[in-house]
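The first chain written gets the first letter, and so on, giving A, B, C and D; residue counts start at 1 in each chain.
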Amino acid sequence: MSLLKLNDLYKTVILEHARAPHHYGQLADVPATTLNNPTCGDVITVQVQVTAEKISRIRFSGQGCTISQASASVMTDVLSGQSVEQAQRLIQAFSKLVIGEKVAEQWTKQLGEAAVLGSVAEFPTRIRCATLAWHAAAQALGEIDE
Amino acid sequence: MSLLKLNDLYKTVILEHARAPHHYGQLADVPATTLNNPTCGDVITVQVQVTAEKISRIRFSGQGCTISQASASVMTDVLSGQSVEQAQRLIQAFSKLVIGEKVAEQWTKQLGEAAVLGSVAEFPTRIRCATLAWHAAAQALGEIDE
Amino acid sequence: MNISERRADFPILNTQMNGEPLTYLDNAATTQKPQAVIDAISQYYLHDNANVHRGVYSLAARATDQYEAVRDQVAAFIHAPQRESVFFTRSTTDSLNWVAQTYGEQNLQAGDEIVVTALEHHSNLVPWQQLAQRKQAQLKVIQLTSTGELDWASAQQQITDRTKIVAVAHCSNVLGVTCPIQKLARLAHQHGAIIVVDGAQAVAHQPVNVQTLDADFYAFSGHKLLGPTGVGVLYGKLALLQTLTPAQFGGEMISNVTWEHTEFAPIPQRFEAGTPNISGVIGLGAALTYIQQLGFAAIQTQERQLTAQLLNGLLTFPDVTVYGPQQVAQHGPVVAFNVDGIHPHDVATGLDLAGVAVRAGHHCAQPLMQVLQVPTTVRASVQFYNSAADIARFLAALQAVKEFFQQ
Amino acid sequence: MNISERRADFPILNTQMNGEPLTYLDNAATTQKPQAVIDAISQYYLHDNANVHRGVYSLAARATDQYEAVRDQVAAFIHAPQRESVFFTRSTTDSLNWVAQTYGEQNLQAGDEIVVTALEHHSNLVPWQQLAQRKQAQLKVIQLTSTGELDWASAQQQITDRTKIVAVAHCSNVLGVTCPIQKLARLAHQHGAIIVVDGAQAVAHQPVNVQTLDADFYAFSGHKLLGPTGVGVLYGKLALLQTLTPAQFGGEMISNVTWEHTEFAPIPQRFEAGTPNISGVIGLGAALTYIQQLGFAAIQTQERQLTAQLLNGLLTFPDVTVYGPQQVAQHGPVVAFNVDGIHPHDVATGLDLAGVAVRAGHHCAQPLMQVLQVPTTVRASVQFYNSAADIARFLAALQAVKEFFQQ
């Protein structure tokens, strides 16, 4: 079997994030949003704290495959410090990227390491793994907004 | 269209019986057995009177196609005067004949005109039409026996 | 429409029956299938077969994508506002029973009314009759005019504020009439009832827009639409579907299961318990593609011509009675008739020997037969792939059959 | 068995996936189909397509004869005492839900008990759980031993005189174990309960005799038995079936319909409402013929060898955990496992890139996952048409995937 193909999906940056995820853990006193992927049983919990319209702290926790863990980890990097509006735009851009839609360069730049997960577009059954944390974050932000 | 093929099924004797059925009508004071063919909506009522172990009177009535009317008519001819046991054997023989099974010559002889209905075996969707009256007679005889 | 090219798409139309060219005029019972549909099923099994919604591997993704693409296609075909409001069943019968078992079971009270019409197929009558019995509700029937069309005065009388469900065929499978769904929907909604439409005889013959019709539920079968057997569709308004508990449980219709409790998956998966008819759905997709490529304009032109030839041909026989409208303008592609003094079964057998397939019987509409005061009828029904020669052969064979029995 | 000849019967097995030979090891989800089955479906549509049980004409008789012949074939295949005790459904899930909706709905009282086992598929768990909720009955669970087999002491404890229904899988779709149906049936019957057997994972792998098993109901799917999707079977003891009101109404399941009342047709037509999956049933017939020609002796010899190679191969990896029995003698053709530190989804994706199709997930048995204390597992399952080379490719790919993730 050609390991090249595995490398297409599991880029080094993804493997590293999955092995040592950033912002993993729980915040006291911040509401938690939990989503699950019914097909694989993965569960991701995301907590977002917004101070002065900006994401001041973000954490995730839960069980999952390499893709969902890595995606959650890079997401926390990308969203930290962003305004709520900007974060929502980034989440939208990411959602497009992983289903193979074109995204303006300004967004891929800002998505940084997360843009690497665009490779998941070629693995349709894994897209849900990549988006799980981002959907949870979107939901968390939506609830803050209200 | 070749009328020859229609002649295969609708032999002259069948057409004649259908046009002027024998023993058509109802008997007072004799229990009636009614069966219907759910596919075509045909309904046949048969009445059998048994005196001294022999079929003394038999009548049929109801609506139906050429095959079911003719079959009922020839049946009344064949069964009249027979012992209950002999009638039941004849009904069995007829049931075999119309599904194309081999029947001993003694039976085809006794079935007389009814044996002509053996041609229905080649028209599987019409077999139920041919057997409706005979099933009703079998049921009527069964109930007498008890 | 190039009719001989179209007929070449349906290989069975070029076979023989009883030594004569097959003249298939029982299209209302089930349509024939184009090679494209047969091939789609074979190709699926030859290249893409895997269970859907389950596997991580590429083959499973391929099967799932094809299956889900047909949901989009069906939603577009009937102009559903969103793909989620469409799910796959076994048949029209399955779809209609589903509505009775979920919406009916969950909403009806003793004393409520269900209204059907006098021309309903058993599949859109018996589920409601049985539901009414279970619920001590009342089943009411909208009567027909003398030409077999819906009697609007009767509709206004039967549909009341007690009515909870109006169940009606979009097109009759016997009389060839089309019911005024939009008007009925308005009337039903004015009284706070929902309208359930049996589209079995409509979807192959006219564009259907469930939003314009304002149907609450719309049911049909693949096999009457050039598609395979074993696949049906139910459309429901999303807001209604969201209120309903599933009728069946198991497989991938769940989002979380413990011994004590089950959380259901989102709509529409919630309503598709167990492995669906994957190849059937993919075959249905190929059928819709075929129809969309032809276009309903061409289909309707051809079917109107065939219906005119059929109806007018039958009306020239003095001893033939046609049930339903006598004018082509009001007549769909289904014509029921009887010949004086010849039983429908004998007519059908005679025609069969001439290679002509028509149906004789009650057409799963026994109560309508009582309204028409006949035990049964003969029924000839056309599809765009029939030719003028088909109708001519049918009429000639009918003449011969008449002569034989009336000799 | 000449394995390369058999593989040639299944065209998809000779295709490529992700640039590698397709190694299909998700047979427990759905089997591949031999050319004979694909052809039977095509031939039906090319030559014999008509609606069944309805038409007087020859084409309809041909379709009906073929359809009804498969009923005889199924009855013989599972050794049913009579053809009438077999009817066609959409799937195992449909069959099991049918029993819950008819027998369950018509016989259960508050306080009664339904007993299932800890290894049930959602399709043989959720219908009973929901029925229990509707009826205020209690759902009880027979536990497993540490090797995943049925704990007989638990069975004896859970099945009591209050038990009305025991619902159990003949073979597990996760653990590869076979449940002692005959013994369970005796126990259930001693307590006056019926036993409902989910045969989805059994019928393709062993001869089934519903009379020897003394099953009251036995359900399975065509698509797990080389047949098409969209067709299932339910066998029921005739005496039980005769007591049941149909779950669905319409079409030819009637013998007489008036506005007020419906008389149902005799069994089994009574339970087949609407146009059935005719081509699906005919395809199932071709699948049964294929299996009967091969014979279960040959099938079981081949599958035992493959299972031994698979199970023993997996057990050589020190970091692989196999769930269920660790001995081939107790093991059916389904093996669930996990690799330390690698998520099942990542394993399945890695294998997929090597052309190997296995399933990762909860296998529609979430409560069993909780018993096993894992969120999900990988599952490889074999069918007689797999080759030793398939298993070798799978094991080599697994080694490579392990190395990649553990690098």
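Criterion: a residue touches a chain if its C-beta (ideal position, glycine included) is under 8 Å from a C-beta of that chain, and two chains touch if they have at least 3 such contacts.
It should be emphasised that the depicted structure is a prediction, and the values quoted were computed from it without experimental measurement.
Student: Counting C-beta pairs in contact, does A-D beat A-C or the other way around?
Tutor: A-D
Student: Where the centre means the average of the CA atoms, what chain is farthest from subunit B?
Tutor: The most distant chain relative to subunit B turns out to be A.
Student: Counting in whole Å, what is the centre-to-centre distance of subunit A and subunit D, each centre being its mean C-alpha position?
Tutor: 38
Student: Please tell me the distance, in whole Å, between the geometric centres of subunit B and subunit D computed from their C-alpha atoms.
Tutor: 46
Student: So how far apart, in whole Å, are subunit A and subunit B when each is placed at the average of its C-alpha atoms?
Tutor: Those two chain centres are 79 Å apart.
Student: What are the residue numbers in subunit D that touch two or more other chains?
Tutor: Residues 18, 54-58, 60, 252, 254, 256, 345, 349, 360-361, 366 of subunit D touch two or more partner chains.
Student: Which subunit B residues touch at least two other chains?
Tutor: Those would be 39-40, 125-126.
Student: Name the touching chain pairs, please: which are they?
Tutor: By the stated definition, chains touch in these pairs: A-C, A-D, B-C, B-D, C-D.
Student: Where on subunit A is subunit D touching in the complex?
Tutor: Contacts found on subunit A: 1-3, 5-6, 9-10, 15, 39-43, 63-67, 123, 125-126, 129.
Student: Quick check on the complex: what are the subunit D residues that touch subunit C?
Tutor: 11-12, 15, 17-18, 22, 24, 26, 29-30, 32-33, 37-38, 41-42, 45-47, 49-51, 54-60, 90-94, 96-97, 121-127, 129-130, 139, 141, 221, 223, 228-231, 247-252, 254, 256-262, 273-280, 345, 348-349, 351-352, 356-361, 364, 366-367, 370
Student: Taking the complex as given, what residues does subunit A use to touch subunit C?
Tutor: 36, 38-40, 124-126
Student: Inside the complex, what are the residues of subunit C that reach subunit A?
Tutor: My answer: residues 53-57, 60-61, 64-65, 252, 254-256, 265.
Student: Flag every residue of subunit D that touches subunit A in the complex, lowest number first.
Tutor: Touching subunit A from subunit D are residues 18-20, 343-346, 349-350, 353-354, 360-362, 366, 369, 375-376, 396-397, 400-401, 404-405.
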